[in-house]
Each structure stands twice: as structure tokens, then as C-alpha cells.
Amino acid sequence: MKLGVFVNDYKSTVETVDRLTAEKLGIIFIQNGVFHATIKDNGKASPILDKSANFYALSEDLATRGLTNTDVDSRVKVVTYSDVVDLIFNDYEKLIWV
Amino acid sequence: MKLGVFVNDYKSTVETVDRLTAEKLGIIFIQNGVFHATIKDNGKASPILDKSANFYALSEDLATRGLTNTDVDSRVKVVTYSDVVDLIFNDYEKLIWV
Amino acid sequence: MGTLTMACFASLVGSKSLDFALKLAGAAADKGHKVNLWLSSNGTMIGKAHQKHLKDYSTAEKPVMELLKKGVEICTCEACALARGIQKTEAIEGIQWNAMHWYLAKIYNSDRVLHIGGE
Amino acid sequence: MGTLTMACFASLVGSKSLDFALKLAGAAADKGHKVNLWLSSNGTMIGKAHQKHLKDYSTAEKPVMELLKKGVEICTCEACALARGIQKTEAIEGIQWNAMHWYLAKIYNSDRVLHIGGE
Amino acid sequence: MSNVKLAFLIQRPPYKSETATLGITHAISYQVVEMLLEDGQNVIPTVCMVGEGVLNCLKDQKAMENYGVMSIESHIKNGLLVDLDILVCKEDLARFGISEDRIADAEDMGADKKLQIVPYAEIQKVMESSNHLLVF
Amino acid sequence: MSNVKLAFLIQRPPYKSETATLGITHAISYQVVEMLLEDGQNVIPTVCMVGEGVLNCLKDQKAMENYGVMSIESHIKNGLLVDLDILVCKEDLARFGISEDRIADAEDMGADKKLQIVPYAEIQKVMESSNHLLVF
């Protein structure tokens, strides 16, 4: 399946996401989920980024928290709300919010 | 200090609690915090129970979840709301909810 | 153009999940997609008219009116609203009141579903 | 006998934290302690009268009335309530409406404080 | 005749929020959805308890006695009575040390259905074969 | 003359809930509490950002632009302007790799106070010396 996963929290979502498998997996960091894309914990990037997936982070939620594009891990693409709409309709058939 | 800590969640509170130190520490498991007192994760009891502290679990919140006194770890005392009032006034001067 | 049905269980104030849902609904509608939004649990707080906009708090009345104008269908869970003391007479006009099967029926006719659970 | 001041930020329905706060307040009052309860954030939903008691949902109106009768002082954050569209005219009688310094002043005169934060 | 299959994944523990309860009640509402659909259209829900969500399945919950609200166990029983498929992740039950005899059923109410304890792979299959996924 | 000292411990990350914001606004309200107290009575708050709570301290937050609400940064600035002591846990900043130049201040508004980056041991001392603890 083509699965888009909305990750809206920083810590508690790692375990749930770890278990997900899909032929095509997209992980969209929104709200405090954007810290997965920007913050290293003790020097280590979020383990979610080691998954085989496409990663996106919502630009408004980065800016709201004082984060900029230069903070974002190179594996993650910064997207707008409009981009998210296109991801939903063009790239992923099933969507979950964890 | 004499610190009473209300733990109301199962997973996300472990890290916060780990850091707390006090001459006298009481940990009161309520709501889903009672799973710390009853559930082993992969055969291991909650790491919170390894702290040097007095442990309590609220009987109503155990029963609400289908748990009984025999499920409760031997380090934990089962208490009522009335007991919690006495713990608050007699045993702990400062209280936090994590 | 497709149909997106969303649900939001999170409260208006004290969570940005509902803000997210409203913004995404607007962005999808602007691109010509059909959008349905189901509000349940604390999400039903959105349906109340006359929310005061203080600068510390999200308010939904204005964005909700805009979404309704764009043709977004919004429905609130009647039981969840009543349990919170929100009466139909206080509701924002244009928001539908119904039960959970409304949501399932909208899902039936949707291309995409985004269910935003509680907390 | 002592004084316990509590705050609760969690919502009435969809969280058992407020249920916990009300039960603990009742248990403390029954033992002769003085209890103050500050409601902020989604906790202000408690202050609304005419909540329908459906069997799936917690309701607070009855327990709140009982607490008030026992002399428990309950105060709701006016800004948080207004932001949620809850007007003073819809409030449960006997619940005070004030701002955050009410809570700090009650804490000043308390032996114990239990602050129940959000979520 | 065309069915839309929905997977209701319940991953939250009981009672802290309404989330777990609402997962079951939303699934149960499939019973009346036909009112709003054309002839021959239907919605087929499957409820899957995963992660800490399996903690919702314990029997003898005393929520009505203690908090005046219907227990999640009662909602599960209602689901079984209306023939809802409710799968419970075997690995997660094992992880938390919950034996099968602790799991709710609706035998006393005459339900034929039981909670179905299945490996996670089975739940993954439900996710694959469903049209949409709803995580509670 | 008697003061009651309160420690406001902020451990939640920004914006998901109101919690972090309310921690700061509740502390700021100490400014007007004297209205409700006797002469000579006072409340002395100290705000401590710990754990993921330190993520509230980043500067250049664009919450008003994006969501129409006052940023937590603005609340922090207001706190500094009314001379609130706001401590930020040094170890947690280091853990998340946040350098001091990323931290909010209120210099542009003419505040003398700054966020005080301190070891956790210092925050533990505040907890010990406070009459009551409030965790947000």
C-alpha cells in the first residue's frame, strides 16, 4: 500500500511508526513532529529518519517554533499546506495520524 | 524535601520521574499510571519501581481497568481516595503531577 | 479533483490539531477538492458561536465560516456536543449536527480519509 | 485540618483528570480539609450548566454542586472560558469567575498544592 | 454492490481520553450507515487493538461503578453483539503478559463472536486490504 | 512580611497544548496577586524550563503569523520584562543541541533580565527551596 503517516508529536510516536511497513511510505512531520526533522537528541537524529520512507516537514510548523530550513535534516523536504494536499491526493492512498 | 509524585500515564512519564530526587519520595499511580504497578513489559516491571520511593496505586483506577490487587507489584500499596488525602497532608509536603 | 474526508477529535483551544485540520481543509478546497470534516469528542467545541478571540487562543468561528462558504461540509457529533453542554441553538449556522454514521457515509464516498484522533 | 489548593487544566469529557480532581476534592472536604479548585484551559468546560449526562460521558454539574455545598471554592479562568464561547450567564451558579492571580492567592494560604496540568 | 472496508486501529490505552471508546463506537455505527447510502453500498469495519490499545481488552472493568461511565469492556461487548470483527494483537498481549483468560467476551450476552487474538501480520493484512485506516 | 516561593516547572513542548504558555502566564500573574493578599504578603515565582520544555525557548517563533496566536517567545519576553526569573536547563539544551544564540531574549524591548541557563542541580535547588511546585 501507499501509506502517508502524519507524525504530530516528538517522542511518543517513535514506537508506533517503527512498526509500519508499506511499499511506499511517506512520513509528514507536523506540529511538534517537526522536531524529529530538526533536533538531535544527544547528537543523534531521530530514529524515525532511518526508516525507508519519504520525509516531509510542514514549513509553517517549523517557523512557528523558531526553526528554519537550515535546521532541517537533509533527508526531509520542507512543504506547505498546499503541498500536503497534493501529497495526499497524488502520492499516498491511505493516511494515518499517529 | 518530602515529595509526592502523581503519575497518571503509562509510558511517557518514565524519563521525568527518573530525574526526581527527594529525601522522601512517594509515587502515587493513578489513571493509566496504575499500569506501572501491574503490567510487565516484555517480562520486566516498570523501571519506575526501581526508584527508592514509596509506591501507591489508586484502587478505583485499578478496578476501572479490570485490574485486581493480585496484579499489583509487591512494592506497591493499594490506596483509596481517602488514603490519598492523608498521604497529601501527613506524608508529603510538595506534590507534583507528571 | 478528489474528495477528502477528515475527522478531528482534538479541542479547539489547547491543541493545534484542529487548526491544522481547518487549514488543510481550506488548502484542499482551494485546489478544487471536495472536503468533509467530522468533529467529535472535544472537537465539537468548534461548533459554538460567539467565541471570543483573545490573542492567546485559537478561534474557529471565522475560519469555519470561510470553509462553509467554500463548500466544505462540516458536521459535529450531537452527543459529544450535548455532553459538553453545547446546545444546537448556540451552534454556528451551517454546521451540521448528526451522529457517527454521517462520518462513515462520507468516508464511503471519499478518495482519501485523514482521521485525527484525540489528545 | 489543612488547606489543599488544586488546579485542573484537563477537559471534563475526554479525560479522567478532572474526575480525579473532583473526587479528591470531595474526599479531602469530607475529612474536614479546606479545598480550593482552580479551573483553567479545557478545565473551564466544567463550569457550564445544563450538560447532558449521557452514559458514555463524565458530567460534572452534579458533583460540582455537591462540592460547592461542602464549602469547596471553585473558580474558573474567565479568559479561558470566554475563548471557548462559554458565557458567564451559562455558568453553574456558585462557581467563581476570576483570573490567574486568584489561584496564586489561594496557594499563598494553602498547606498543600496539587497542580494538574494539561493533556 | 460495493463495500468499503475500514480498519479501526486502536492504539491508545483506556480511559485517559475518550479515544479508545470512540474507536469502538464509531465502528459500531456501521450498523446504521446504510440509511445514508444507496442500495447495495456498505461499510465493513474491522477493529484492531494494537500496542497499548490491547490494555482496553481486559475484562471486569468497573468504570460505571467508579466513574459513572460505560466501560470500554461494555462497548467491546456491544461490538461483538453486532458482529463486529475485533482483532487483538497477540504479540502485544504477550509483551504485557496478559493471558487469554483475562480478555473480555460477551458470552453472557449470547454473542457468538469473540475477540480474535491474531499475530500482528494479520493486522497488517487488514490494513493492506482496507480502503482507509483510522487510528484511534 | 512573608513570601511564598513557587517553582513553575515547564516540561511540555510548545504549542501542542496550551500548557507551556499557561505556565508562563500563571507565573506572570504574580504581579497582581497582592490585590488579593494582606500587606506584606507576596508570591515569588521562578520558572524552570526542563526536558522538552526547553524547546519553548527558541527565538524567532512565528506563531502569530501562522496561527494567529501570541508566540511562547512573546510570553517569555513579557515575563522577562516584569522581572520574572526564568531558568533553562543547561543539560537539556545541550542534549537537544540548542546553542545559546538560538535562545529568546527581550533586549529589543529593553528588558534587563535574560533567560538564565543553569545546570539541572540549580533547578533542583529551586525545587527544594520553593514552598510549592507546579508542573506544566
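A, B, C, D, E and F label the chains in the order they appear, each numbered from 1.
Please note the rule applied: a residue touches a chain if its C-beta (ideal position, glycine included) is under 8 Å from a C-beta of that chain, and two chains touch if they have at least 3 such contacts.
Keep in mind that this is a model prediction, so the values were computed, not measured.
Participant: Which number of steps is the smallest that gets you from subunit E over to subunit F via touching chains?
Facilitator: The fewest touching-chain steps linking subunit E to subunit F number 2.
Participant: Taking all residue numbers used at the subunit C/subunit D interface, answer same if over half belong to both copies and different if under half do.
Facilitator: Same; most numbers are used by both subunit C and subunit D.
Participant: What chain is the most remote from subunit E, judged by the mean position of CA atoms in each chain?
Facilitator: The chain farthest from subunit E, judged by C-alpha centres, is F.
Participant: Could you compare the number of C-beta pairs in contact for D-E with that for B-D and name the larger?
Facilitator: B-D
Participant: Taking each chain's centre as the mean of its C-alpha atoms, which one ends up farthest from the centre of subunit B?
Facilitator: Centre of mass proxy via C-alpha means gives C as farthest from subunit B.
Participant: What's the distance between the Cα centroids of subunit A and subunit E, rounded to whole Å?
Facilitator: 28
Participant: How many angstrom lie between the CA centroids of subunit A and subunit C, rounded to a whole number?
Facilitator: Chain centres of subunit A and subunit C, defined by C-alpha means, are spaced 24 Å apart.
Participant: Rounded to the nearest whole Å, what is the centre-to-centre distance of subunit C and subunit F, using the mean of the C-alpha atoms as each centre?
Facilitator: So the centre of subunit C lies 33 Å away from the centre of subunit F.
Participant: At which residue positions does subunit F touch at least two other chains?
Facilitator: Residues 15-19, 25, 67, 132-135 of subunit F each touch two or more of the other chains.
Participant: Please list all residues of subunit C that touch 2 or more other chains.
Facilitator: Only 13-14, 16, 41, 56-57, 59, 112-113, 115, 117-119 qualify.
Participant: Can you pull out the residues of subunit A that are in contact with at least two other chains?
Facilitator: Those would be 8, 11, 31, 60, 94-97.
Participant: Spell out all pairs of chains that touch, sorted by label.
Facilitator: The complete list of chain pairs in contact reads A-B, A-C, A-E, A-F, B-D, B-E, B-F, C-D, C-E, C-F, D-E, D-F.
Participant: Along subunit B, where are the residues that touch subunit A in the complex?
Facilitator: Touch list, subunit B to subunit A: 11-12.
Participant: Residues of subunit C touching subunit F in their complex?
Facilitator: Residues 13-16, 19, 55-59 of subunit C touch subunit F in their complex.
Participant: Could you pull out which subunit B residues touch subunit E in their complex?
Facilitator: 8-11, 31-32, 35, 39-43, 60-61, 63-68
Participant: Which residues of subunit E touch subunit D in their complex?
Facilitator: Going through subunit E, the ones touching subunit D are 15-18, 21, 25, 64, 67-70.
Participant: Where on subunit A does subunit E make contact in their complex?
Facilitator: Listed in rising order, the residues of subunit A that touch subunit E are 1, 3, 15-16, 19, 21, 94-98.
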